[in-house]
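Next, two complexes with subunit A in common: one pairs it with subunit B, the other with subunit C.
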Partner chain A sequence: MNESQHLLASNEAATTEHQAVEATTATAEHSAAPANEANAHVTEAHAEAHDVPPAEVFTHLFSELGDHHGIVLFGHVADLPLIFVDNGKVDFYTSEHSMEAAGTYTMHKGHPVKKVDSNPPQLDLSVTNYVFFQWVAMLLIFVVMRLVVGKYKKNPKKAPSGLQNAIEALVVYMRDTVVYANIPVKRAADRLLPYFLTVFFFILTVNLLGMVPGGHTATSSLSVTGALAIIAFFVINVTAVQEAGVGAWFKHLLGGAPIGLAPIMIVVEVLGLFVKPFALAMRLFANMSAGHMILLVLMGLIFFFKSIWVAPASVLFALFINCLELLVIFLQAYIFTTLTAVFTGLAIGDHAHGEEHAHH
Partner chain B sequence: MDGFLSVSPGVMIWTLINFIVFMLVLAKFAWKPLIGSLSEREHAIQDAISRAEDANLRAQQILKENEEKMAKSQQEMMEIVREGRTQAQAQIQKALDEAELVKKAKLAEATAEIQRERDVAMQSLRTEVSNLVVMATEKILKEKVDAVQQKKVVDAYIDEIQKN
Partner chain C sequence: MGTMTNAAFAWLAAGLGAGIAVIGAGIGIGQLVAAALEAASRQPESAGDLRTTMIIGAALIEGVALIALIICFLLAFKVA
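Here is the complex of A and B:
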């Protein structure tokens, strides 16, 4: 949401007509989502005042979708630290200001580059808004879970209530219908349960933070979903090797086809190994980006047509998209977790050795 | 729009670190106690249910036994009542029979007594009448008649009357 507020702010210096539009959109924002009042004012101070011609409205809006080196929290722009690794040298700056002041790096189109040759540093480990909101999500989940655990400790063997009840419903659902239902080996399922619970609550909370005014959806970055998919890749394959054995894992690459088809099957199956997590990453990324893009486009229409009369339609659609997004948030967290569990179960196959073999 | 689809290795590395550290922390401080408490409670509930089922089964059994006992005692009671009734009936019958017998005996005795009394009365009446007649005849006739002879005449006379 705050991307459009950026735009509002950037139009601040423009004509009175613009200001009228701005006011309407600010109110519109309120009805679309429980926006923070402070946000509407404060972004103005933050923005560099430059006018955006209608033709470039959408380009400008979408440029706000990437990662940033600052966040807007309750009306204040908080700087996030920048960390660069270049030629074995680690540079740490608390803000863009101190970075510019130090003189080694400068900002070019929102990305830090070296002043000497205008090349980006070898590794940019800066704490961007995506990283920051992951931390917020982690803190939130940790606090909530500790509260819930405290409640279990306080009155064990009692019926759950309140927050405990809500969390328990999700945890039990994940455990029974996602993990246990899809992973045939109980031992593996038990071992992987913490991973699946973490991945579900992490994605869910990160997604939800994107709905909070001033918040950013870290899962609308391919870097974040890619990292989650890399972990999923290792979970799937390490579990398969542990439970079914290396031999079975390699045999799996044949896909059950006769040995003569090996040249084709191995290519297909090896591709499949990587396509599955890649699809996970793309699905989550695309779903979480799409909602935000639509919201930006809807708000951008007002500025594109430079007409106040577009606002009601935009706001109404934005409200609808917000509701849809809320559904998608839960759905995508569930789908990522479930598909990882399904892939893990498939990778183990019925080659599982050990206690489970007795039942076959 | 540029950079929107690009992958930033920095953010990726951060995400990997974040997630793995977070998973380890949560596994120790959240999931382990949470799942532990959950399964503990599930076991407790399962135990309670099976105990309740057992108790229910036992209660059902006891109920069935009790019902059987009650039915049996009811039957016994009915039998006793029936027996009592037949016994009472028999007693009454016996009493009635006895009473009938006694009545008949008494009646017969009374009849015999009456007969005897009547005979005696008749005898004494006969004697009295004959005496009266003799005396009356003696007075009327004022003549001494041999009592024996007289008596013979009167007896013959009475016999004649009796025959009539």
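Here is the complex of A and C:
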């Protein structure tokens, strides 16, 4: 705090020089004088400086990056609705302002809480920016896929071109190198193919929407990646039980070790059941939020040093990180799908009911 | 400055932990890619299969590093 005020003040004209001194003395007093008095001094110094300290710019941008109730489209802020369910009562507000005006709920550290006991509502079904951009992604996938399917139906004999070609390349690549290559049973692979393609295109689209100006990356929320991982958990284990049988599923908890090692192996393998989807969720979440955080820090350097000479280095490095981000977007969508397919194949194992093996 | 508080120790631990975890993951992925490249240069026709296996291995190593980083994040945020 002390340092940021110094930085701020030293860049201002000479008239503000004494304010910096005042600000430092105010913060120095902070330790000695009663807290509220010292705070009053500090806020006074801020008001005179007529500026937001760099540290606060950073926290503001940081909160913009996260989950919140509004999106910015072409420079205009669009409010998103807030929906709470508490004790069987449903509350609907069109924006944070109308929520504050109604008086039942208030915002505390970026989260809505009840005014009476400052607890969060039992169920928060608000349409946040992440939810909104997931809907955009779903709509986009639906429209694009419908267009492509329509083209196939119109001229089934014609060679694909344009968008149809791009989608076909991705679909065939995922089918041959990810699903068929990793799931040994052809019947299971065919049945799961729509799931894998949906997951791949959903993650890819959600990630890519984060690169659009004004867009947000929903996969940088642990709730979104966690939901995807829970679905993956059920896909892996239900497929294993269907294809290899309940007995084989329990047997694979032994990990092929002699029965004497059961007490250790069962603990390890049961842990492994949950660690796999957990790592899937964490990997996607960490990769997608790290890129945006690096961009934010690089841009924050300009605000922090308040110097034009930092800008070229910051912007060039941010451009490089953006290109890297594009690679990471495709890689993470691919990795999530591939690892789910690999885990499904491993869970089925060699116990499949005399099925012919698709690819080896 | 002055004496170190518990929060200060936790932040120090989080920073050091993140650094050490990244060293481990770096060595792991480095060895993995080196081996894959060597194999691909000896037998270029298997490069496609190797790449897929390499990416899966890299993702698993990265997963371990990420779990370590999550512990560091918890240390840094929960203690504050």
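The definition used in the following text is that the second predicted complex is superposed on the first by the 290 of 360 C-alpha atoms of A that agree within 3 Å, B and C clash if a C-alpha of one lies under 4 Å from a C-alpha of the other, contacts with A are read in each partner's own complex, and residues count from 1 in each chain.
We adopt the following convention: a residue touches a chain if its C-beta (ideal position, glycine included) is under 8 Å from a C-beta of that chain, and two chains touch if they have at least 3 such contacts.
All figures in this text were calculated on a predicted structure; none of them were measured in a lab.
Asks: Given the touch rule stated above, what does A:Phe142 touch, subunit B (first), subunit C (second), both, or neither?
Replies: Once the two structures are laid over each other on A, A:Phe142 reaches subunit B alone.
Asks: Let me test your reading of the model: by the given contact rule, A:Glu96 touches which partner, first (subunit B), second (subunit C), both or neither?
Replies: Neither partner.
Asks: Considering only touches as defined above, state whether A:Ala286 meets subunit B (first), subunit C (second), both or neither.
Replies: So A:Ala286 only meets subunit C here.
Asks: Counting only touches as set out at the top, which of subunit B and subunit C does A:Glu325 meet: first, second, both, neither?
Replies: A:Glu325: touches no partner chain.
Asks: Contact-wise, after the overlay, does A:Leu228 reach subunit B, subunit C, both or neither (first, second, both, neither)?
Replies: In the superposition, A:Leu228 contacts subunit B only.
Asks: Quick check for you: in the superposed arrangement, does A:Val131 touch first (subunit B), second (subunit C), both or neither?
Replies: In the superposed model, A:Val131 contacts subunit B only, not subunit C.
Asks: When the two structures are laid over each other on chain A, which of subunit B and subunit C touches more residues of subunit A?
Replies: B
Asks: Taking the superposition as given, does A:Thr338 touch the first partner, subunit B, the second, subunit C, both, or neither?
Replies: second
Asks: Applying the document's contact rule, which stretches of subunit A touch subunit B when the two form their complex?
Replies: By the definition above, subunit A touches subunit B via 59, 62-63, 65-67, 83, 109-111, 123-128, 130-131, 134-135, 138, 141-142, 145-146, 148-149, 152-153, 156-158, 167-168, 171-172, 175, 193-195, 197-199, 201-202, 218, 221-224, 226-228, 230-231, 289.
Asks: Which residues of subunit A touch subunit C in their complex?
Replies: 177, 181, 279, 282-283, 286, 331, 334-335, 338-339, 342
Asks: Considering the complex alone, what residue numbers of subunit B touch subunit A?
Replies: Against subunit A, the touching part of subunit B is residues 1-16, 18-20, 22-23, 25-27, 29-35, 37-38, 40-41, 44-45.
Asks: Can you list the residues on subunit C that touch subunit A in the complex?
Replies: Within the complex, subunit C touches subunit A at residues 52, 55-56, 59-60, 62-63, 66-67, 69-70.
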